[in-house]
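Two complexes follow with subunit A in common, the first pairing it with subunit B and the second with subunit C.
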Partner chain A sequence: MVKKFVLVLLSILILIPVLLLIVQSLSKRWNYGHLLPKEWSLRAWDVLLSEQRLTEAIGWSYLIGILVIILNIFIGVLAGKALAHENFKGKSMIETMLILPIIIPSLAVAMGVHFTMIRWGIADHWLGVVVVHLIPTVPYSIKMFRNAFDQIGLKQEEQANSLGASKLYIFYSIYFPQLIQTIRAVVFLIFVISLSQYALTAIIGGGNVLTLAMIYFPYFSTVDDAVMSSFSLLFATLPVILFLLCEFVLRLMNPYKRKFR
Partner chain B sequence: MGKDLICIEHLSKSFKENTIFENIHLKIEEGEIVALVGPSGVGKSTLLRVIAGLEDPTKGDILINNKSFKFIPANKRPITMMFQQPLLFPHMTVLQNIVYSLSFQKVKKKEMIEKGREYLRLMQLTDYENRYPHELSGGQQQRVSLARAIITNPKLLLLDEPFSSLDNELRVKVREWVRQLLKDKGITAIFVTHDIEEAMVMGDRIAIFNHKRIQQIGKSMQIYENPQNSYVAQFYCDGILLNEREFVFSNRLVIGESVDTFYKCWKANVKSQFKKHGHTFFKLYLPTIHEQVVLRLDKNLSIGQEVFVGIHNPSDIYSFPVGDTK
Partner chain C sequence: MKKWFKKNKWMAYLMPSFLFPLSITIYGLIMAIKESMTDNTGFSLQAYRALFYDHAFWASYLYSVRISTISTVLSLIIGILITRLLYQKLLKTEWKLLVWVPMIFPHFVWGYMVVLLLSQTGFISSIFNHFEWIQDFSQFPILLYEPFGIGIIVTYVWKEIPFVVLMLLPVYAQMNQQMPLVVKTLGGNEWNVFKTTEWPWVAPVLFETGIIIFAFILSAYEVPALLGTTYPKMLSVLSYEWFFYADFRYRPKAFALMVVVTMTIMTFVLIFFHMVNQKRYRMMKGNGR
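This part shows the complex of A and B:
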């Protein structure tokens, strides 16, 4: 009964805002007090699709987002495993330092990082944007992977090792299938964070790197609710598509997706 | 008996300044089960972990068929360890768990499944092939864990108190079944336990482990009747320790009302009484030598009663062949 109630409540909380956005994006005039718009129109979608740099921005957003996710998984898995299963000097200090990027405003860090990037020659370049997107994302992935490794424990690895499995095979057969839930959450969260970065992308990209946030945010200054809604819907669709893609890849890679027949 | 298959030589392990065990010598014949028994927390599990390759030894070597395995990583050793917990992989079915070690070898899937099913039959778990570990009872999980370990056909199987999480009744059943299985398969094994009775049932030979080393190794009755030192006598045998060199077995002790009939006797208080295997046992405390002893008596004593416990002849006192090694 409680489960059903929670399910209904969650559906309402998610479905109603999405439905409202859809209706709003298709409305021409929707006055206060009316249940539905008086007039319907595809104008907002026309405006959105006529934006010349839209496909380019979506492409860059995906490329940067996917690279940020891959780097996050790589760093998160390694650091999370070390923090969960290894004991070394200065472990708590390193843990605190890894959380710092969330505590200190990203913009303050980005200013300092900008100098280094100019020196490395990756400022005003998509590579620089990928690196700077790691600042607000990596602490979350490390924390999430650390918790996941903590829950799995070290004993299963020792057992598999004693049964003859190599480190790499242990990761593939023991850890990876049990990390899928975490990977799923990391992919979604990190992509949404990366996609929403306006200031960091603008500073490091120097206007040369065009992501969806770069063309979406200026629309905030307009008072056109319908266009804003259509943009928001597009913005929300991108992570969902990536999530589905990720689900497909994870299923393909999972060695224990089905029972032996 | 056959020739020695496993030879553990001068094996020592320390964590910084803390020595866990030192100078361990142990030779095991092919197909033999050695029960390593000692109190909890003395380093028995660490010894197994070192033999398995999960920890590096500080000194010493492990030889299998005269080949050193000191520098060989755990996954390349022909040794499989079974831990206290079943440690089944939760995302795999029972069958997938059993054939795990075959999944990274060049074994065809069909062959792998057939072999897995053979072990399922052996473990009497045929109906559980596609179940997940959380759907099994503790005893069933341990059987799956055992199947997963022995399917690798190890030269040495290390069992680290594998039945400690099972209830008493189940433990008694499972251990006899496991011993028979290991014997049928001719598997050489080291079985660690803190339970003396379990060690006696499981081991062809018993190694008493404490104070960082093996105190005595031999057949269970041989150790029981001829303990080498006061520690072994106190831990493994029934009786009272008179001093560091002398011991009296409980079967030599008699109860009397007066001191005149004894060669040597001690005052004792009856602490408790219990029944086992149709006999009455009394736990007595001997305050003068601070010893406790359990005696099987046919007469009736009441709790708190004072009696005399003693021996009739000087030959009833057993002297240790060597001094205490503590």
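This part shows the complex of A and C:
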């Protein structure tokens, strides 16, 4: 009984804001005191999609996000494997250290490296933005891959090893298929975090790197709630599209799915 | 040489994560400390002195720590209550998807939703008016842009609870299902069950999650920049503004402020780390190992 009640409450608390955004973005006139808008229209979506810099910003957000994801998977898989399957001195200390990037304020770090990045010539450039986006993301990837490798264990690798499989083939045929669930979660989470970075992108990108957050922020002060709502929904759409794309790629790469279907 | 590499394979595996982002983080922090202690004459602690004599800074400091603490504690408590009650349900895909829904929205977008819901002319106020619980929107309490930071706290708590749940779910999924029954047959109540069978497993994850959330809220710029008041401002907003002031003399102060934030977070981390480690030690002793 209590369980059911809480479950319903939880669903309401999670879904109401999202539904509100959808309704608001489709409303033409929504008078105070009315449960639903009086008139509906697609005007807000028209306004949003005719924003000149929008396509450009979506492009940049995807480019930066995908690069950040690829680097995250590369760094996370290697570190996760080592932390789960190797034993060495100072392991727990190193593990704690690897969380530091999400504990130490990334704002301080971005401000601190800003000058150095100017000297290296990657400030005001997407490359610098990709590098700073690694700060709030990689610790999560490492954690998730570490847990995944923990659960898979070492037995299967040992068996493949004794049968003479190469390192790469072991990864491809044993680890990769079992990591797909984790890769999905990482792609999703990391992309959303990368999309959410306004301050880091503004500091390092210096206004030259136009991600979606960079146009959303100035919009916030406009009074047009319908346009703001459609813009907010767009933020949730991008990760979903990327997720579907990634699903397709993973299916192509999975050595077991391809053959049997 | 080859043998050494084979034995220390982990070093090669961990190298990329040391480079990005760990060394960048540490380098950035060191540079921030250095900048905070440098003005046009060279080494100087003037920025810190100016900071500590600044009333706006102290107001911001208390405001930020209060908002971060309240948000973190609320998220943790509600998160663990929900997880405890519902983990068997939440492990199923369809319900897990529900918990993931808030995760696909950036924090500042969630903040905008809170504005839509809670502003004086917002959705909730509108419903109240529709059912004639209030006659006019001015009767609806002011929940946003006010000095307590309710809007910011609501945004964070709403957004972090799913995160807490997702962090705790694996712990509860792996927990021994027989143990609570043992406690109950021995006459223990619900609290005893939690204290003896769940807490030892949950505590480390809960502390870690708490630290992550606290550090994030104390230093994140986006939500308070959109939902905060003009006075007091949250520390991150203050520092960001000083950093971008045309007057370069504010820069060391911006850095000094971020260094103080970092120290505050590290102090909390050390306290918690100490607590968790003591716990672990006692647990190991209890098991007779």
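Just so we're on the same page, the second predicted complex is superposed on the first by the 236 of 261 C-alpha atoms of A that agree within 3 Å, B and C clash if a C-alpha of one lies under 4 Å from a C-alpha of the other, contacts with A are read in each partner's own complex, and residues count from 1 in each chain.
Going forward, a contact is a pair of C-beta atoms (placed from the backbone, for glycine too) under 8 Å apart; a residue touches a chain by one contact, two chains touch by 3 or more.
Note that the structure is a prediction, hence the values are computed from the model and not measured.
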Exercise. What is the contact status of A:Val138 with respect to subunit B (first) and subunit C (second): first, second, both, or neither?
Worked result: second
For this session: Considering only the touch criterion stated at the top, classify A:Gln156 as touching first (subunit B), second (subunit C), both, or neither.
Result: first
Exercise. Looking at the overlay, does A:Val18 come into contact with subunit B only (first), subunit C only (second), both, or neither?
Worked result: second
Exercise. Of the two partner chains, subunit B (first) and subunit C (second), which one does A:Ala84 touch, if any: first, second, both, or neither?
Worked result: neither
Exercise. Is A:Ile102 touching the first partner subunit B, the second partner subunit C, both, or neither of them?
Worked result: second
Exercise. On subunit A, which partner touches more residues: subunit B or subunit C?
Worked result: C
Problem set entry | Footprint overlap on subunit A, comparing subunit B with subunit C | none
Problem set entry | In the complex with subunit B, residue positions of subunit A that touch it | 155-156, 158-166, 169, 173-174, 177-178, 255-256, 259-260
Seminar exercise, completed: In their shared complex, subunit C is touched by residues of subunit A numbered 2-3, 6-7, 10-11, 13-18, 20-21, 24, 32-35, 71, 74-76, 78-79, 81-83, 86, 88, 94, 96-113, 115-116, 131-132, 134-135, 138-139, 142, 147, 188-189, 192, 195-196, 198-199, 203, 213, 216-217, 220, 225, 228-229, 232, 235-236, 239-240
Seminar exercise, completed: Listed in rising order, the residues of subunit B that touch subunit A in the complex are 52-54, 74-76, 79-81, 83, 85, 87, 89-93, 95-96, 100-101, 103-105, 109, 113, 116, 129-130, 148-149, 152
Problem set entry | Complex contact set, residues of subunit C against subunit A | 8-10, 13-17, 20-22, 24-33, 35, 82, 85-86, 89, 95, 98-110, 112-114, 116-117, 121, 123, 125-127, 129-130, 137, 158, 162, 170, 208, 211-212, 215-216, 218-222, 225-226, 236, 239-240, 243, 254-255, 258-259, 261-262, 265-266, 269, 273
